[in-house]
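Down below are the structures I want you to see.
Below, chain A partners chain B and then partners chain C, in two separate complexes.
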Partner chain A sequence: MKNRWLAVPYVVWMAVFVVVPLILVVLYAFTSRDGGFTLSNFSTMAEYLVVFGRSFFLALIATLVCILIGYPLAYYLAREGESMRRMATMLIMLPMWMNFLLRTYSWMSILENTGLLNTFFQKIGLFSLINGIFGTDITFFHMINTEGAIVLGMVYNFLPFMVLPIYTVIEKIDYRIIEAAQDLGANFRQVFQKVILPLSLPGVLSGITMVFVPAVSTFAIPRLLGGGMVTMLGDLIEAQFMGSAYNPYLGSAISLVMMLIVLICMAVMNRFGEGEEGAVVL
Partner chain B sequence: MKKNGFGSRFFMVLVFLFLYAPIFVLIVFSFNATKSRSVWAGFSLQWYVKLFSDATIMDALRTTLLVSAVASVIACIAGTAAAIGISAMRRRSRNIVMSVNNIPLTNADIVTGVSLSLLFVLAINIFNQTLGTRWELGFWTLLIAHVTFDIPYVILSVLPRIRQLDPNIYEAAEDLGATGPVAFRRVILPDLMPGIVNGLLVAFTMSIDDFVISYFTAGSKVSTLAMEVYAMARRKISPEINAISTLLFASVLVLLVFINIRQSRQDRLANREKSVVSIQK
Partner chain C sequence: MPKELIRLRDCCMAFDDEQVLNNLNLYINDKEFLTLLGPSGCGKTTTLRIIGGFTTPTSGDVLFDGVRINAVPPYQRQINTVFQKYALFPHLNVFENIAFGLRMKKTPDPADPSGKRMVKLSEAEISRRVNEMLDIISLRGFEHRKPDALSGGQQQRVAIARALVNQPKVLLLDEPLGALDLKLRKDMQIELKKIQQQVGITFVYVTHDQEEALTMSDTIVVMDHGSIQQIGTPEDIYNEPKNAFVADFIGESNIIDGIMCADGIVQMYGRKFSCVDSGFAPNEPVDVVIRPEDIDIVSEEQGQLSGTVTNVTFKGMQYDIIVDFRGFKWLIQTTDHSPVGARIGVKIDPDGFHIMKKSDYSGSFGDYSSYSDEYDELSDSSEEEDAPGKDDGHEE
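The block that comes next holds the complex of A and B.
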């Protein structure tokens, strides 16, 4: 079983198709259109500061909402019986088999001005009720093509990536530890705060990474649910590679900066997380 | 552990409703009599009929299934071999390899996609100029990209299984006269199987669900279902897409239910055997 050479094809493959492409991104970011060295790709990026801010802000909100929904869900799931838990994890994975673009597209028909949700509100008389009270004249809620719709799309698509890691960690917590805490007189809140939360923190941290990274770089979700009105980082990068603005050098520079910011955020967060754990051990 | 009360059960149901509402809408409107995606006009199977004569969608379906199947099988074999190799590595090189393994997992899909497309375009240009070939982005580049992001999932799924192996068992098999390959096939492989199958499933799921990386690496000649949907979404998506997704969804559902039933039956059998053994003791 000591066959180190078995990993050789894999190591070569990963070097060629993971490491080399990333080096290319770095090289392209410092290259001008005529092939020389330049920093201008980074200076032109200043124009897109708003886009950077918006992407990170919306991704942050989506991540927070995912924690608020995902943590309790994972926690409650872990308390269910074996067969229920197996079915629930299956139900969380299953939507992935319908490609995420399709599910996002489906939200369009739900959120549109003449869509299912507004039709439903009209059927139950919500609009006439509101119009009666406030003297307004509305026939629909404006939901599609807003930043809220984009956040909804992100939460919807990336929620499983928050739930599954947290669930895996909570499920593994030795129940005797919780009982010990209870025996020592801790109430529910103290048990949660001092035992369950610190022990589940690694799951939360990996959940945050798995939600925040795709959320900050998505380009299909804002295109569909934002109606192309709201530009995000993903759209910007996509336009440099596939769009009419073809400029892979600028696109590489934007990708590089986005990658670096994300890496720094994750490093800070993990440091912070380790500190918490250390404090708990003490 | 304390059981869930009404409140927490209700919360869970709400979240699952949220997760499944759009899927439900998709399925319902695949049976709609008109092209509308929000007004119900009666039951019809016309989109299912049209689907099978739509060459574009059937081509995209074939590409999606083929690339996902081939990529996940390659990733599964290469990944399992690699996991065995990695577990035999010294600590330092293992750490380096594992950090590289994590790059496609944690990096944004769009960065993986554009970086691969940079490599492919550059390599193809060089080959075409020096060798006079006329290669372009297509099925092969798509396949390479899928294998690249599938392998890390297989590694993560198989590696923990290898750590749990008892090294003495393999030696015992060899002492009993099994040659290396036989010992591997009869002793090691069965123990690794759950991890390998899980890795294969996850890799296949990721390939099916992928859009971004395919979009940047497939070129303009081939397209997956997701790329087809994205191209359509700018105008209007044909309900044929709803129909094909419903079919895919239904087949996966049946498959998973089948696996689930089999597994719980096995669990029950195992429990019964255990209790029989303990009674005999």
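The block that comes next holds the complex of A and C.
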């Protein structure tokens, strides 16, 4: 029991930088500009319902795309890709060593109207081909400042957080369990459906948590790739604290509601994960 | 006349450059309890995996009921396996673990007269068969437990039920009792043999435990270094081992260099003994096997040979006595106590000798010098210098 003193530095850190700010957020959320108690911060929030909806929607799309790309990759690496495992893990990790903002900036220059991708399309004559066929007059594809660009940015940045937990879980599945399933008459598809998928569900759940939560609250990606045209929760909150619309009370209220929604989502999801029927649900 | 069910013909298996199986030839009869017995790394598990379809031999044929099945995947074979450490599905409860194979199965639809349409088993049928298995393994009432809430013995029985419920023609068992404690293992040995007779199918059993093999098998296949050393009934293997490896691996054996003077006469220690073996060339060098329980201790004058007791261990049912005969140490099992240092004589009946041709294993087994060394150190009663102990292969 003496060893619990080892945790003291962290506990202090947590208290000062997590617990206290959280309490402040809660206090601010119920405070009006003149310092009194109020619920008006929550009632004004109704104006931003669209932003809430959009944020959760885009985060959901990004999470789904991450699962669709990440699961097969993680499966392949864990079960088959002996030879290229190190290489692939390296390639997945590599972008994470670079600063998040830099990565997103680079996507800007790729997706811009005069950016790398459009220049490339022009060089290979894609636009003149399309113009020739459809009689249009386009010189670029509009990619930047769209919701699609935001989802792309999220997937790009958060994909490793989906791949790694799934990979870890699948890799730990005892090959004898898979052989046992084959032995009992399950073909490849059935082995996956009845054994691997349910056993890898915990990995998928933590992957979802690790992608969905930061995706909901991100503000740099919509700022850079959405060009301020597509406002998300992160931008909204940031604007209340730093921007022109300075109103930390409203900002705190929005943060609080967002945290609550995320917590509820996670709780519901984990309930599915624990239940016996978890495999069937997904 | 028993019917042949499985045949391995000239099967070789190599992983990278390592030869794991050398030209294995083996047939397994229907309804037989056959045990693949050998030390770890002898190729017994690989042989089992070839029969189960989890590995394909590098060369050679696997025949099932006369049909070559080398390329048939495990899920299409009428063979089920009980895996080492059970490999139960951790996310499914006992009922669903046992029902797994049944849910994969499709049978001809009784409503379709042409018999071509295949349907899944009905829930009622699955439930009936799973419950039947639960009765056989006496785990009624445990249906809803997850595997990790079961004891080792219970998991073991679920693993057996999970395989048997599919009514396979052959059940493969890969060291299924290895993780259980001694008492439970003994019970399960009897249980398994009973189940095998009850369901009347072929069991192919892999173990490194010779006692287990002797207790349960109809046929034992002794393997070492990827080759079959001997195939036979438990009695054959014990009484007529083919070489020093088999003699040593199955039970305890004193193996002494000898010369076969003529039919029924073997010479060792410069003395002639009468035995019952024949069919060797005149004066052919041989290995002589004498089982520890076939040796009678008599007074020094009456004995065919005389030696000095160097060690006595009480084993409950008998004493294990190590006797030095001119530098070569024998193990004798007897109910009579002889003190350390005593001069004793031994008498061996003619049928107590078993003569084997010389083999690559000659000289590697059957000397109990190092056995006695160990005990000398423990009991601190070392009175004489022991000859440097040969490897007697009794680590297990």
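Operating definition for what follows: the second predicted complex is superposed on the first by the 266 of 282 C-alpha atoms of A that agree within 3 Å, B and C clash if a C-alpha of one lies under 4 Å from a C-alpha of the other, contacts with A are read in each partner's own complex, and residues count from 1 in each chain.
Assume a residue touches a chain if its C-beta (ideal position, glycine included) is under 8 Å from a C-beta of that chain, and two chains touch if they have at least 3 such contacts.
What you are looking at is a predicted structure, and each value in this text was computed from that prediction instead of being measured.
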| item | value |
| --- | --- |
| First, second, both or neither for A:M90, with chain B first and chain C second | first |
| Partner chain in contact with A:I133 - chain B first, chain C second, else both or neither | neither |
| Of chain B and chain C, the chain that contacts the larger number of chain A residues | B |
| Chain B versus chain C as contact partner of A:L49, first or second or both or neither | neither |
| Which superposed partner A:Q190 touches (first chain B, second chain C, both, neither) | second |
| Chain A positions touched by chain B in one structure and by chain C in the second | none |
| For the chain C and chain A complex, residues of the former touching the latter | 52, 54, 73-75, 79-81, 83-85, 87-91, 93, 100-101, 104-105, 162-163, 166 |
| Interfacial residue positions of chain B with respect to chain A in the complex | 1-4, 8-9, 11-12, 15-16, 18-23, 25-26, 29, 37-38, 78-79, 81-82, 84-86, 88-89, 97, 100-101, 103-104, 106-112, 114-119, 122, 144-145, 147-148, 151, 155, 165, 167, 170, 184, 188, 205, 208-209, 211-212, 215-216, 225-226, 229-230, 233, 237, 241-242, 245, 248-249, 252-253, 256, 260, 263-264 |
| Residues of chain A defined as touching chain C within the complex | 174, 176-177, 179-187, 190, 194-195, 198-199, 276, 279 |
| Contact set on chain A toward chain B in their complex | 1-11, 13-15, 17-22, 24-25, 28, 69, 72-73, 76-80, 83, 86-88, 90-110, 112, 114-116, 119, 156, 159-160, 175, 178, 209, 213-214, 216-220, 223-224, 234, 237-238, 241-242, 248, 251-252, 255, 258-259, 262, 266 |
